[in-house]
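Have a look at the structure below, then the notes.
Chain lettering (A, B, C and D) follows the sequence in which the chains are written, and residue indices restart at 1 in each chain.
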């Protein structure tokens, strides 16, 4: 049903098309710009939903798009080698792991585009960077070539730098810098890991009469099989003749590099400090995307590259991962409890929730891994909704300091209700998506590490504590005169709120929507682990 | 025999270097540079006569060096004059308008 | 007899849900029709559940149906409902009380601008509670368990602009959450220990029914953790603190949620998972002792309270303690029986109290009095409820309490003694309450007026139920069909004659004392206060539990938070700054080289060359 | 007494020397014209004639591709003037690079220099470029220490003069003086090294040296060390590697922007090319070793030294730029860092499966060429408008010249080594080779320093997009400069999207055994 039409390419680059249209619009015509952007973001959403509908795990190649992008013949004067080359592919594909996140990304993008009504200046540039960012994140989830993945990853970095630095609040430039350098470091570590992989596991030698054709590729599947296959060059004992062998030390090094790289993005303790400033400074619609999607790239990368390439090492490191996760859960919660700035409360709550993702990953069983992805998606939706509301609140009240807010339930019942709903969703109330992710992660981890899970479960209480504290502080309490005249949500604000809430409820009530899509996407990881047990 | 020439040349080179790095007067600095280049000439000539494999190349090389050195100093002095015009001084350590 | 209606039992929670959705969608517009819709919803579920109950009474087979909720690899989580005698009964109780409360609220909340929101919440609660009741597995029960918690939270905080309401709501949610975590962990344990990860009650029953499948230790652990959840919801010590504060909510809510249904969910949970407890004596003892202690503990506090609703709240806690004790003694029958009767008379009492408050606009019993003349219906119905609670025959409370005490006497004299003592206190504080409110002459000129029929009718209905509900299980031959039908074995009846005498005597004694103190004044009210003021204060301040909790948990958590915050700023952030600082510092050093002196530049070069050569070539000649 | 038979200059040989001859001739003619013409005549056309002659030279070089086709594996390297001068694939490609760079710089400089009041006689500044470029071309195809020295000095002296022409600015004179002294000292050091090299091998021909060195290293190890280390140190000064870089910021700051660009690109590139010739015939020599090409024992130490230099350059160059507020000095320091990156492929040597050093080197050199010249072009415009080269001059550039700002973003992103640009792939290839050679620490330093460099490259972007300018007046971009800037932007992007285009061409044109390892003269 896919035919030969490059749907994934269209999906990834449709924002660019809209971007080009934008370039020809007058920078002053705010409405036109906004609606062009919104309509543009609808295209990927439609496509991804369609993909989600027609995708079946049994036929992974239905939507695979693969073409050699960069083939570079290398100097081949080295002895015994007839020709050698780098082959970097343009390779997009979907599977149960990436598909939910693609949908999430395109959905949140639409909502953020709607929420961008709060942007007050330089709309054209804003939407240009916004759409670039969307292309970047869609590409990250679709790319199956290390270099391609890296390109998209960096694209989001640059785009977000501008979005924060130009449209952020007071300390925007500092925030943008911190973000750039910190995440740049993360992707630098990732690049080292990738290069190491390409230079060793990426190499495949096809024997010929004159010696052989040596090909270095960044293809995920190739690297994966080279790392796992018994007789691959990578796994042959590394002595002088075999420069492609990966010693255990090197494997650990790469694994840890990947862990740190994606841990920074996630963020994993203790790499979380950068995202506080981003949460506090970036414009809400950007934070929607940042907290809703970009953090998820970390979790995705951990599963795809960390666990996916080195299941064995992941298993040995599982306990540490779990500890990090549990620490993140409790640490973030405790910190969120004492923050006086609502955005920081949410930032630390993100730390806490991403800790749960780590727990799910550490379980290394299907339930846990699916739980982790589920948690990613659900937290994406919830935090998007929360920041959507924060944006609207901030626009009206001009502050997000908890001490200055209060009693907003009377002037704006709808938004307060939404805030409350989002709050309970994020503290993991059953019937809403948050619970399922949390529950599955705990359930998965509990099989292997009962005590860690039990300790982390305390976070459930703390979540209730800090969320109720802040949300009730804002909505409940005696009304304050200065806020008496505030208007409730406009339609353009209410629509995305309701839409997001609808998805949260849907995922909460009928999780199979997502879990069925993820069915079997971790089989090979699990299989390898079992093989390891056997062997 | 060779070693004494080489030592001589090395000493010259060091003296030149020392002068180039310490003298305050710009002219003397340029002269010290000349000294360094000439020490090289000594090397070349010595090698071409007493070297492992003696050959004329060394002497030819030294001719090139001499001429180039002359050109270099000429330009150097010209620039120094321009500089002297604008600063009214030929002290190297006063040529530090640009720093950090 | 085959099951017809039971197959449609899943509709029971759906009616209120529909009402909730309608109200949620169009609620703002319909202040008049909204309440009606909600009431109709609860009525519908009442009718259906009644029919189901009748069918079950007719001896229909249990019915179970469900579907897969999540399927991951080899594991599945299911949702489904099953209709047993127990659930059928609970459904009726819940939907009945819910219906009456709906009716009552139409009058009680008449003037509130957010009345439709109120009814929406109530409808959602009804739905969740019914869902909890018919859930056929522990996970689903947990889900609804949390949802009723949410509704309780929303309704306690219904008057959100009142700071007390806000605080109470928060407290209720968080304290119960503590218990819920226990429940959650129990769930995880069960999932991994149950053969083929089946969480359904049926499976639990037959797995724990046969010994050896799951070790004693794990069983106890699971039981205790489940009980922890029950403790949170049913306001057992030490997690009882939220329930009295919950009285900040509208009174009908206190009647519905915090007296009749939700707080009883803990008891229901233990009853539902009773096989696990039966498999672990240790767990049973824990339950029994916690229950007993809570019973006497709460009763003692109730004596010293002045807020009419708080007194009732503590009495609820105490009665729930009774039920727990019964469970701990191994008698599901007695527990469910008491739950059944208590639902009616405690709802009655709360609604009565609501009617009083509605009339006099205060909750302090010392500011009331003599209302018996002006509010006849209320007074009489209240009296019925009070007597039932005090355990005076032949009212329902007498029979159910008697069943429990009989169990206690049968296999645990100590608990029996505690039970009796609690009974005495109960009678005492109820009489105190009644006499102060209705007897004597009006104080502060607070002369109430009778409430409208829409409020009094539910009172009457409940009063009737409070009278007759007990007759379904009387300790005489051939009358114990209720227990048989409910759990397969009747309550213990050995030596019930003695029990009956004692408890009646105690009840009467308590009332007499109350009469002496608060009506006749034969004993001065401050008799105790004079002799040992500390005791009074201790009781008034509820044994300082709140203060202790605040000190131990809230303060320490805040301290930890602050500590972490400092750590985050200075250590973690500091490390990052340090890394950045290192780069900048290197840069400074490098910039300092640029002093504009070309001769120093040359010097650097020479030094560099020398060092390079010495370091690298030097190695060889070393 | 060893005498290499002196070889007469034949007709075809001259054909191979056309570019150099052309440039020298043009230089003489133009200078004479400039002298003879009365001052009333405007000198604008001289710059265009210079450009034309450079273009001619470029055309000639392309023509030589036809005469000696490097793509055909059997083609014989042309060796002239008793093997002191060779036309091979590497030489031709590098000559093209040099000429392209020179033309871009000239084009960009035309307006800038005309408007620079500190330069009294514009004509000479351009004509002086011709001998400089000639020197660079000589360095491209030198096979003999003497020719190398001559080329080096030709390039050096003419650049001293180019800086000095900015007579009216005392800064320029100071810069020129600093440069000449440091330059002369470095030449002396190189010469000293060369003299020892000649001494121990008895020849100045690189091929001969490569052949004789192993024996010599055995006999006179110390002398060989001195020779090689002195040569490396001398070149380190020319390419501004740490700690031999300190002159660069001052000199760059003093010179007129186009001249700075010339220093940053052409001089640096030429020095690098010469260094390649030296290193690959002394340190990385062809050995009959089973794994093929390897390094001699002495060579290993030299390579280690180069690695250390590279690391130092990357670290110091980047960190020193962090707090730099003057964009010219900033670019100078970024040039230092880039020298570090360029040194890596030379320093890592070659192993059994990784012989791609020159490909990496050439690619990054070209990427560096475009992004740096582009940046300087924008800088020339902004600096002229602001009247200074401070960072704050860029404030609000986005409002005053949106497209220039956008182009600058591409260039800066490329300099920072972010995708999708030439800079990214250049660094990526170098990184891959370094990792294949298991030089992990070098790779780590590369990556980390380029992350640190984000800070100052993006600080320019911050100025352009996130600050507001004093004036909202539109910035007028002179056509030639604008063209240059955009050529550079497009080229940078092209290298980013299709890196294989250049790489394939280079890999086919240049093979170590034919073009780099100079054969022993017959």
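The rule is short, and it goes like this: a contact is a pair of C-beta atoms (placed from the backbone, for glycine too) under 8 Å apart; a residue touches a chain by one contact, two chains touch by 3 or more.
Note that this is a predicted model, so its numbers are computed, not measured.
**Q** If you tally contacting C-beta pairs, which comes out ahead, C-D or B-D? Let me know.
**A** Here the pair linked by more C-beta pairs in contact is B-D.
**Q** Which one chain sits nearest the middle, judging by mean Cα positions?
**A** The most central chain here turns out to be A.
**Q** Provide the C-alpha centroid distance between chain B and chain D, rounded to the nearest whole angstrom.
**A** 25
**Q** Quick check: how many Å separate the C-alpha centres of chain C and chain D?
**A** Their C-alpha centroids are separated by 80 Å.
**Q** In whole angstrom, what separates the CA-based centres of chain A and chain C?
**A** 39
**Q** What whole-number Å value describes the gap between the mean CA coordinates of chain A and chain D?
**A** 42
**Q** For chain A, which residues are shared contacts with two or more other chains?
**A** Within chain A, the residues that touch at least two other chains are 181.
**Q** Which residues of chain C are in contact with two or more other chains?
**A** Each of 591, 594, 596, 598, 602 in chain C touches at least two other chains.
**Q** For chain B, jot down the residues that touch at least 2 other chains.
**A** Residue numbers touching two or more other chains: 17, 20, 29, 95, 97-99.
**Q** Got a list of which chains touch which?
**A** Pairs flagged as touching, ordered by label: A-C, A-D, B-C, B-D, C-D.
**Q** Give every residue of chain B touching chain C within the complex, in rising order.
**A** Spelled out, the residues of chain B in touch with chain C are 17, 20-22, 29, 92-93, 95-100.
**Q** So in the complex, the part of chain C that touches chain B is made up of which residues?
**A** 591, 594-599, 602-603, 606
**Q** Enumerate the contact residues on chain D facing chain A in the complex.
**A** Listed in rising order, the residues of chain D that touch chain A are 290-293, 350-356, 358-359, 413, 418-420, 428-429, 431-432, 435-436, 438, 443-444, 447-448, 450-452, 454-455, 458, 462, 465-466, 498-500, 503-504, 507-508, 510-513.
**Q** Quick check: in the complex, which residue numbers of chain D touch chain B?
**A** Of all residues in chain D, those touching chain B are 1-4, 145-146, 149-150, 153, 156-157, 160-161, 164, 167, 170-171, 173-178, 180-181, 184-185, 187-189, 191-192, 194-196, 198-204, 216, 219-220, 249-250, 253-254.
**Q** Would you tell me which residues of chain A are touching chain D in their complex?
**A** 70-81, 84, 86, 147, 150-151, 154-155, 157-158, 161-162, 165-166, 172-173, 176-177, 180-181, 184-185, 188-189, 191-192, 195-196, 198-199, 203, 214, 216, 241, 243
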